[in-house]
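Look at the two complexes coming up: subunit A is in both, with subunit B in one and subunit C in the other.
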Partner chain A sequence: MSFSKKIVLLGHFSVGKTSLLRRFIDDQFSEEYIVTIGVQVKKKVVTVKHKEKQDISVSFIIWDIEGNKSVKSTRKSYLLGTHGFIYVFDVNNDLTYKNTLEEIDYLKSTYPNVLVKVVGNKIDLVNAKNIENELALLKIPVDILTSAKTGENIDFLFKKLAEEFVNG
Partner chain B sequence: MNQEEKLNKLKDILLMEQRAQALLVQKQIADLEKSINVKKNFSKRVDPIIDEKLQEFVINMPKTIGPTITSSIKEEIRNSQDDVVDALFPIIGKMIKKYIQSEFQKLKENINNQVNKKFSIKGFKRNIKSKFTGVNQTDLILSDSRDYQVEQIFMIEKNSGILKACFSRGEKGYVDKEMVSGMLTAIKSFIEDAFQKSNQALELIEYDLYKIHIINFKLFYFATVVSGVLDTKSKDNLEDKLYQLRIDMLKDNKEIDLKKLNKKINQIFQHEFF
Partner chain C sequence: MVNKIINKHQNKRALFLTVAKNGTILEMNQDLEWLDRENFFESNPFFESIPYIVTKNNPEQIFTCINFNFNGEEGLFDIEVVREDDLFYLAIFNFTEHYETSRTLAQERNESLLKTKLLESHNSNITLEKELVDVKNENLKKAQQFKDEFLANMSHEIRTPLNGILGFAKLLKDNSFSKEDGQRYIDAILVSGENLKIIINDILDFSKIEAGKLKINDLDFSFYEFIDNLHEIYKLRFKDEKLKLIFDVDPTIPKVLISDVIRLNQILTNLLENSFKFTKKGSIKLIVSKIEQSKKHVVLNFMVSDTGIGIKKDKLDSIFESFSQVHDNSSDNFGGTGLGLAIIKKLVDLMGGTIDVNSKFGLGTTFSVTFNLKISNNKLAKKITLKNKSKTNGSIKNKRILVAEDVKINQLLIEKILSNYGCKLTIVNNGQEAVNELSRNHYDLLLLDLKMPILDGYQTAHIIRNEMPLPNKNIPIIVLTAHAMDSEKQKCEPYNIKEYLSKPFDPHNLISKIEKALK
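Coming up: the complex of A and B.
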């Protein structure tokens, strides 16, 4: 059995959305920063086990859209029909995560039935323990910390997402 | 030993070293002359250096003189457009002429075939149609001669861009169809958003010899890739088929059976030339 899900990557400019996607799809990384203009669509199939033990393939159709200071200023038509949002911020740049709480509240109230995952990227640049404490202090609702550079937790993020789609 | 002989002997003793050096220098000069004046020897020494420099020049040429050449060519073309047209016309003209000749040949063969089938059922029908509609047979044959083909059909969920069903004639495209559906939806969303005309939807994308016709429904849209010329009549025919498909889907069930739908689309379009 298989099904397709539309995932949209959200977040500020240069938080590593495209790098995260590139690591997940092609297992590659580049230090060079190229700004995303408009949108690029990629696909990858992840197979997970259903509660009743059979394998289910989730085809992720991932929309990597241009970065925005606020989710509110993202082109609305890109967000329609989305099954899951991945909100990415840069753990090394507090400007990209200080409004996370409001951004997530906005997403959850505007798209109530859509799964939202909050991802702190570029974990390779900081001390993981320190940043976890800081995010906890600021009450930033982070689901997972990743590094597109080292690949840490990237596959795990999408596997977790697939499992939630399959098993609820 | 007289005085002179003694002096010479003394000279020999004193100048022995200098003479040896002078002889050495003389030999070196002779060798040098030989290596310069004899072409073979000279090129043996100089060629590797020239080759190396030449290679360096070739590598650095795009950086060093490339921009100058490009701007000079651009300026030259700008300043002498008529000359450029004169120079290119025979080449491009020939190509166009050849292409038109070949297309006319195909058209001629097509019309000949149709005329040869004058006594066939199709010819008989055309004859009657011509008499009733007043359109002469040549025009009817010409309109029959233009062919177009449905290459691909995508049925895509409107908001998410998720592919629901598709038809492809042969092995089409290197890009994953689900990604194509996503990108098509992104382009469509962008255009519809950017121009913000209420209730307006993108209906046609043209690229080279292909057209993508988009037929919008409430929850999904059909994107049909067509090659060749699609006139109004054929477009209506195509739209009718897709509307009928939609009606059949609604009749069958509110929930779309994707396997059944895929099969149906393939059945309709596999052997269809519009």
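Coming up: the complex of A and C.
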């Protein structure tokens, strides 16, 4: 059994959305920063166990869209038919996570039936404990900390998403 | 069918397609052989999304700047999709050239913003580092100032009694003094020497505590005898009628307790000395009360209170800190290293007790020390010797004693002390001479200095215990040391040392150690 889910990667520019996707799809990483304009769409299938039935394949169609300071200024056509948002910020750059709370509130109120995951990326560059404390102080509802560079938690993030789609 | 969308975009160069819901291409305006005519939607993840994002409710959508591989080349496309029931009309415009220009601009803009952010972050780091360096410098400056003050204070504290010793010793050398003056000079030398000893002991205790090397040695002791000894020592000092000494001890306290009685004595002596220093009239009290008692333990409170000058409220919090002196210029007026109470606090902590202070400026001070002590099952405790005993039973008379000591003044001092007790002395200057002497003659006891040239005390003891024939192989050894550290005792452990004597030593103490070693 399988089904498709459209996932959209959101967040400021240079937070590592494309790198995160590249690590997930091709298991590759490059230090070079190349700006994304518009959107590129990639696909990968993740198989998860259903709590009662047989294994289920989730076909992720992932829209990696250009970075924006605010979700509100994202082209609406990109967000059509989305099943899950992954909101990415750079743990080293406070400009990219200071408005996370408002961004998530906006997404949840505008797309109430869509799953939202908040991801702090580039964790390889900082002390995880320190940043966890700082984010907690700022009350940023981070779901997972990742590193596209090392691959830390990238597969886990999509596996978790797939499980939530399958098992609710 | 495809004309529907072509008409909308007349004269524009684009690929126009009509695709069925199942992905079959029904029509297109160019014959593109590489396109999968049966499974168009599966040819690219973007196209795969189309059936469920371009719905009957949202039948017309324009997607701009879509990155995908078109006929083997990466490009940037605008795609318009119009849905009519289960048919999808697509117009695909290749705007790669246009968007690449935008990409270059966006790349430059973002890189510039990133650089600005990086620079900000760098500057912020530099500021933080600068602040850190400032804090470190400030701390270093404070530590240096503290060290300078401490050294200046110590220097003053050490030089003062030293001045007394040397000054009065020189006066004695002149021979032009009356008998009365001579006795006063000698008393002054003794008092100065005792003060110097206290200061050096404070410094040694403090360094031992700071290094975590001070150990508490719990032993049985007779509580009332301990208090009586303390009272005996202090009552002699309260001859002035303006100042009274009151000892008030709960008579129901068990007779034999377990504690480090030497340290307990040090704590109470220090508190009493402080009271004595700062109180000119009124009273100084030591009140010992029993707070609670079980079968095995008794909680005792020792309260030392005085009617002295008291302590200002703002100084009370730091009273147990090292080098803290609560009275302005107190070391000038009253003397002291500022280590006494810090040592007391640490000793009380090490012994598992608590210490508190209450004071009213101008009215007096009360220190309260509480310990939970074990009650001993023994009815008789080890005799406590807190003060110097000067009596000897004469058992050391005619004893042959070898003294290994390299410092001439110490040789002279030992010689004078022991000659008065009728000992037969031989003095040598180092360990090698001691070994030579012992291999030739029999001695009853060896007084061995640890730090000597040629062969030091450890090497000498090693040779005696391991290479010397009987009877000198088993000669009782008393170690003389200026180090006064437990580590020295540990190093001596393999050599069956009878007694240890720290310099400066009290003559009576030397005699009693010799008597003990010869038993």
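FYI, the second predicted complex is superposed on the first by the 167 of 168 C-alpha atoms of A that agree within 3 Å, B and C clash if a C-alpha of one lies under 4 Å from a C-alpha of the other, contacts with A are read in each partner's own complex, and residues count from 1 in each chain.
Following the convention adopted for this analysis, contacts are C-beta pairs under 8 Å (C-beta built on N, C-alpha and C of every residue); 3 or more make two chains touch, one makes a residue touch a chain.
Predicted model only: the values in this text are computed from it and were never measured.
Superposition of the two structures on subunit A shows subunit C clashing with subunit B.
Of the two partner chains placed around the shared chain by superposition, neither subunit B nor subunit C is touched by A:17. In the superposed model, A:42 lies in contact with both subunit B and subunit C. Once chain A of one complex is fitted onto chain A of the other, the partner contacts of A:33 are limited to subunit C, with no touch recorded for subunit B. With both structures placed on the common chain, the touch criterion links A:6 to subunit B and to subunit C. For subunit A, the partner that touches more of its residues is C, with subunit B and subunit C as the two candidates.
Looking at the shared chain after the overlay, A:78 reaches both subunit B and subunit C. Stretch 76-84 is the one of subunit C that runs into subunit B, the other listed stretches 76-84, 184-192 or 364-372 having no clashing C-alpha atoms.
According to the touch criterion, the shared surface of subunit A, contacted by subunit B in one complex and subunit C in the other, consists of residues 4, 6, 38-43, 61, 63, 75, 77-78, 80-81.
Contacts from subunit A toward subunit C in the complex involve residues 4, 6, 13-14, 33-43, 61-63, 66-67, 75, 77-78, 80-81, 92-93, 95. On the subunit B side of its complex with subunit A, the touching residues are 157-163, 176, 178-179, 181-183, 186, 189-190, 192-193. Against subunit A, the residues of subunit C that register as touching in their complex are 44-46, 48-49, 52-55, 58, 61-68, 76, 99, 102-103, 106-107, 110-111, 113-114, 117, 121. In the complex of the two chains, the subunit A residues touching subunit B come out as 4-6, 38-43, 59, 61, 63, 75-78, 80-83.
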